[in-house]
Amino acid sequence: MSGGIGVSSSVTGATDVRTIGVGMLGYAFMGKAHANGYRTLPYMAWPPPLFPRLVSIAGRNEAAVAEAAGRFGFERYVTDWHELVADPEVELFDNSGPNNLHGEPTIAAAEAGKHGFCEKPRGRTADESYEIWQRVDAAGVKHMTAFNYRFVPAVRLAREMLEAGELGEIHSFRGQYLQEWGSTTDDAWRFHQDAAGSGALGDLGAHVIDLARYLVGELTGISATTRTFMPEREVDDAFQAVAEFEGAAIGTFEATRFAPGRKNALSWEINGSKGSLSFDLERLNELQHSDGTKGFRTILVSEADHPFWRWWWPHGHMIGWEHTFVHEIHLLLDAIARNEDVAPHGATFEDGYRAAEVCDAVLRSAESRRHEPITYR
Amino acid sequence: MSGGIGVSSSVTGATDVRTIGVGMLGYAFMGKAHANGYRTLPYMAWPPPLFPRLVSIAGRNEAAVAEAAGRFGFERYVTDWHELVADPEVELFDNSGPNNLHGEPTIAAAEAGKHGFCEKPRGRTADESYEIWQRVDAAGVKHMTAFNYRFVPAVRLAREMLEAGELGEIHSFRGQYLQEWGSTTDDAWRFHQDAAGSGALGDLGAHVIDLARYLVGELTGISATTRTFMPEREVDDAFQAVAEFEGAAIGTFEATRFAPGRKNALSWEINGSKGSLSFDLERLNELQHSDGTKGFRTILVSEADHPFWRWWWPHGHMIGWEHTFVHEIHLLLDAIARNEDVAPHGATFEDGYRAAEVCDAVLRSAESRRHEPITYR
Amino acid sequence: MSGGIGVSSSVTGATDVRTIGVGMLGYAFMGKAHANGYRTLPYMAWPPPLFPRLVSIAGRNEAAVAEAAGRFGFERYVTDWHELVADPEVELFDNSGPNNLHGEPTIAAAEAGKHGFCEKPRGRTADESYEIWQRVDAAGVKHMTAFNYRFVPAVRLAREMLEAGELGEIHSFRGQYLQEWGSTTDDAWRFHQDAAGSGALGDLGAHVIDLARYLVGELTGISATTRTFMPEREVDDAFQAVAEFEGAAIGTFEATRFAPGRKNALSWEINGSKGSLSFDLERLNELQHSDGTKGFRTILVSEADHPFWRWWWPHGHMIGWEHTFVHEIHLLLDAIARNEDVAPHGATFEDGYRAAEVCDAVLRSAESRRHEPITYR
Amino acid sequence: MSGGIGVSSSVTGATDVRTIGVGMLGYAFMGKAHANGYRTLPYMAWPPPLFPRLVSIAGRNEAAVAEAAGRFGFERYVTDWHELVADPEVELFDNSGPNNLHGEPTIAAAEAGKHGFCEKPRGRTADESYEIWQRVDAAGVKHMTAFNYRFVPAVRLAREMLEAGELGEIHSFRGQYLQEWGSTTDDAWRFHQDAAGSGALGDLGAHVIDLARYLVGELTGISATTRTFMPEREVDDAFQAVAEFEGAAIGTFEATRFAPGRKNALSWEINGSKGSLSFDLERLNELQHSDGTKGFRTILVSEADHPFWRWWWPHGHMIGWEHTFVHEIHLLLDAIARNEDVAPHGATFEDGYRAAEVCDAVLRSAESRRHEPITYR
């Protein structure tokens, strides 16, 4: 062709990469974030491991789910999630629904042969999370818990530095997830025991717990206090805990929805024998590192020769919160394409279960006023 | 429907919003950023003012442009930009090419009735920029210069605060755009006089100049120095200037590609009789404000009841650099849909020309060693 | 006098302000800091409540204490602290010695009628601290524990804001004191159980505990873990705890000497129903405040109309760590001059005892693996 | 001695270090800062090069100067500065008076054989500063201009890094000194042409100019704008300039008293071929450094093995603004003791003159609207 016109592969579909049909349960905050991930992935992480095809989306409110389908680009919508499970074109079941809809649909989908991607916390209790993990795993499909903060470039870089031994032996961890909207008098499923399981603990604290496990290692015991500041609210508004890791490390864990001025402040610091790392989600493009000889250095994560970065922009051109989902979905699709697990960088349903064990131990300790050992089945 | 399956409007196309066909020249860094903008806009800013339809993309390297077409989702590709101009389905001509391709194609497209969206700086000189503006404007189409940093939420918020008089009378401005990659020995069109017009001045400095005009007001004169640190390089590596605005305000302007550690550091500060604002693109979700009674407060821009924010995520969930293009394209499509100009928040081709006049004055002053008045035609 | 020469009151001594004779035990780090406080106070906080007269300093190493006496301006030196107690010109006994010398000399001095100013932690245990408090108080003299961080202007300002109700009901506190030098193989009294009582807990953690009590209120119970990372070291290198305050507030407490990159990082944050405050000693001139409607504002403490500030420099001219002792000694001398207690802003020996009770509960909980109630005698 | 009592050398005066008699003109802000320097030096920088003896202080208001004498510890006071010049016990003449009293008294003192320490800017014009330098230097005494910011540990460390070539070839400098109090309607000598010479330029800008010379090198030309925002004020409220250094480096210079929220914000950044440094006086214990491979690292200056630090506290224990004078006076006394010049780290009267030449060129350029070459006599 010289000066002529070519037909794009986006029309012919003639590529070497096969597609994967996605069915999604839920279309609120998390549904939007996941949908954006599927849509952005193919042209950013080019070529994608699989082309996501947005097949069907489920929600109980027909007008709302119909709008979501049009908006996010799903081919069809359903008002009963069983239709997703029955849909042969759905190969990946994305559960972005509330916590009380994490179990049954995810298991049913897995047993129908669909891979599972589920919002955290896996279940409302360790028991429920354990059952989900066991049954989905037994079904032989791939599974991932949406602990998306593992996919902040700064967090992945921290993990790589830790694995490479750059921090030496780890001595302490401190992690908090602080938000400020807890005094709202609006109702939401997040405030109900039945739907949510717990409050700040499962919603925010589970992220801190997963990051501690991802970055430092397994937890062996915990002492905790919980508080509900709003009268008549069923779930915790805040918790604080001190925990022990395998080995010598200790850590503080905290989440609250009552920290005015803290919008979405997930922060952590790790101190090791050779250095320290610290991170704040409100400045998510930055990782702070000290090698112990001098003060902290700001690593603008784009500067690193980093697996995620080549997808995006020249260095210094910041990415946002939503991009964590693009990275996460990429890993999941890649695992499916290669028939491998999402571990170690992706959180499996086992990781979801293990975080739930820690959450349960937090609640037990708050009740027993004792240090509670954490044991995994 | 009860438990049934509905067909999404993303399949039927049955919506009230009409489409607009986009033709793009260029598929490198800026082409990718613009393409992402068109693709993200419809589901984030729902409903969009117009649905962008990615019709055709032009580039000289056929293999590369074919891949770009598939990747970004253009229906077809061409290796001669004249095809875009001749294409009746192209209604908006997006010029993401190098500076020496800003003039002729943009004018030709406008005279073929296509709206114009062009990367900055508009032309390589004030003369060229003036001609582009005059001829495109005479063609009666809408036009916008891609000064995307006007569309950082913090910048828009600053503009709104300034318009509302919250800073009082403006006394001083200081703006810098610092990058660190200038010592590269790689070649690029950005280093050639013919293709680029100028170096750091037009590439980075033009953004500072546009923001100064957008936030503070029109410039009346400037004294400047330029430097080329790399032997045999044709364009400036850095410039520094002190300028005067209409009224009493004065300002420093600077851009360099030789600031190690500064990845993409576009920063500015404005001091007025009632307060100060400051901003740093490396922390683009933050605006610093002092009302003069106390120190600076960090406004996490997501906290504000802000026109852009409702599109995205709950507050504290950070957005990235690329989102500026989503905001910018939204304004352009909205202007086209309403048959209005993109001013005042969008930069027209006149704004592109005016920035070019300032750039020319910088070069004149560096030569004459005098304060050079800035006059607009 | 016209153009003549006057004799200064610094020579004639003719002022309305009487002197107070100071005897000091110890001449190392803390002795130097206190000596500087006495010397700086009179001309900064003019007129001082009393003129400190540096009468005598005690230390076991004669060459060293003789040099210290000359250097710091004491009139004489002794190698046995009993001489200080016996010295009729010593009216204020300043105990800057190691922890195991806090008890007997301070009690003896008090019973000889000398006011007591003693480094924290008061005693090595709650029992010892209780006895010191009781016997000194019974002697009828004034007493102050050197919790100098109450006298950082930012901390005092925080207390005033809290007292004024600006933060509403307090929900959570988190405080850490992080240092990095713990892996030293040098020996020091701070590493010996006998001399120090505890390690990071008493040395650093006691400050966090005192600030929590000063800012938020009394503690009622605590769950804690301690760690000794250096083999064969007798005292803790780190502790972490979660505690409960009277009322609904909860708090995390931590101290470590194993945080590379953290030089002297005493930091805390308080979240209340109406706002949040946070502080970091490495930026001691700044207090961060959010009123809950927007993000955090940096209060450069010099800007406030603040009781300490008039002594120093125009606003924005930063003060240093050592100035906390000037503020603290001023309060003590003022209390002595007015025959009043140093409470509430100064820490009495009762405050020293109460902090020791909390430290003891930390050690008990680390042993019992239970939440330990804190009761005061 | 065993358990006995020794008489301190602070009483006997029996030391190997001789004293130097200080006579001071002025007792306001700067007089207080210098007095504190003389008083603190001997016990912090032990042993001092010379023991300062505060002999006499001069001021026109007798009541005020008498109080200052008592407060700061001068032995006597005079109401006519000629008495200081005539006083044989005054060996060092410290001129902390207003700018219009910098010339005649300093010259008279030098010609009476007294060393000279004078507040900046040396004189109100380059001519006056030149004459002071020439005549004092001809008198054969030591002389130092109080450019105290050279003595911030971070600044000294920066200078050492620059001298060692750690930044490579210097490309750009940007320096600002921003304050906020300019809109006051109070009168002060600083606002009068006669007393002050210039406004923000001489008061604040002179510091920026001196630091640029100290850190980067000699200036060869400048283009500038000045502004007076307050009607009827005689001196400039702000200036901005772009300057050229010997070699290829360029720099922006600015000072203003009209920057709300900026208390005492002297900040600068230097970009070289191998790295960058930046500094902000509002965080004076920190130096930011990038070696060009990664982002900026915070050097808490106390961490460095630094000439000033051994005088003070363990690392991380911050020092304040006033300590710059202690460092500065130490250098001066050391130079006198060794019979050497204060250069290169201290600013001589020649440096004061050279800064005045730059200030004059700023005013000339603001008038001529041209780039003004800077030539030194």
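Letters A, B, C and D mark the chains in the order given here, with residues in each chain numbered from 1 onward.
The rule we apply is simple: a contact is a pair of C-beta atoms (placed from the backbone, for glycine too) under 8 Å apart; a residue touches a chain by one contact, two chains touch by 3 or more.
Quick caveat, the model's predicted, so the values are computed rather than measured.
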> Looking at C-alpha means, what's the farthest chain from chain B?
Replying inline: C
>> Using the stated contact rule, I'd like to know whether A-C or B-C comes out ahead in C-beta pair count.
In response: A-C
> Could you state the distance in Å from the CA-based centre of chain A to that of chain B?
Replying inline: 34
> Using CA atom averages as chain centres, what separation in Å is found between chain A and chain C?
Replying inline: 44
> Could you state the distance in Å from the CA-based centre of chain B to that of chain C?
Replying inline: 55
> In chain D, what residues contact two or more other chains?
Replying inline: 262-263, 294-296, 300, 303
> Across the complex, what residues on chain C touch chain A?
Replying inline: 171-172, 174, 176, 178, 180, 183, 223-225, 227, 229, 237-238, 240-242, 244, 248, 250-252, 254, 256, 258-263, 269, 271-276, 289-292, 294-296, 365, 369-371
> Which of the residues in chain B come into contact with chain C in the complex?
Replying inline: 286, 294-300, 303
>> With touch defined as at the start, can you tell me which chain A residues reach chain B in the complex?
In response: 1-11, 15, 29, 33, 35-36, 39-40, 42-44, 46, 56, 62, 65-66, 69-80, 82-83, 179, 262-265, 281-285, 300, 302-303, 312-323
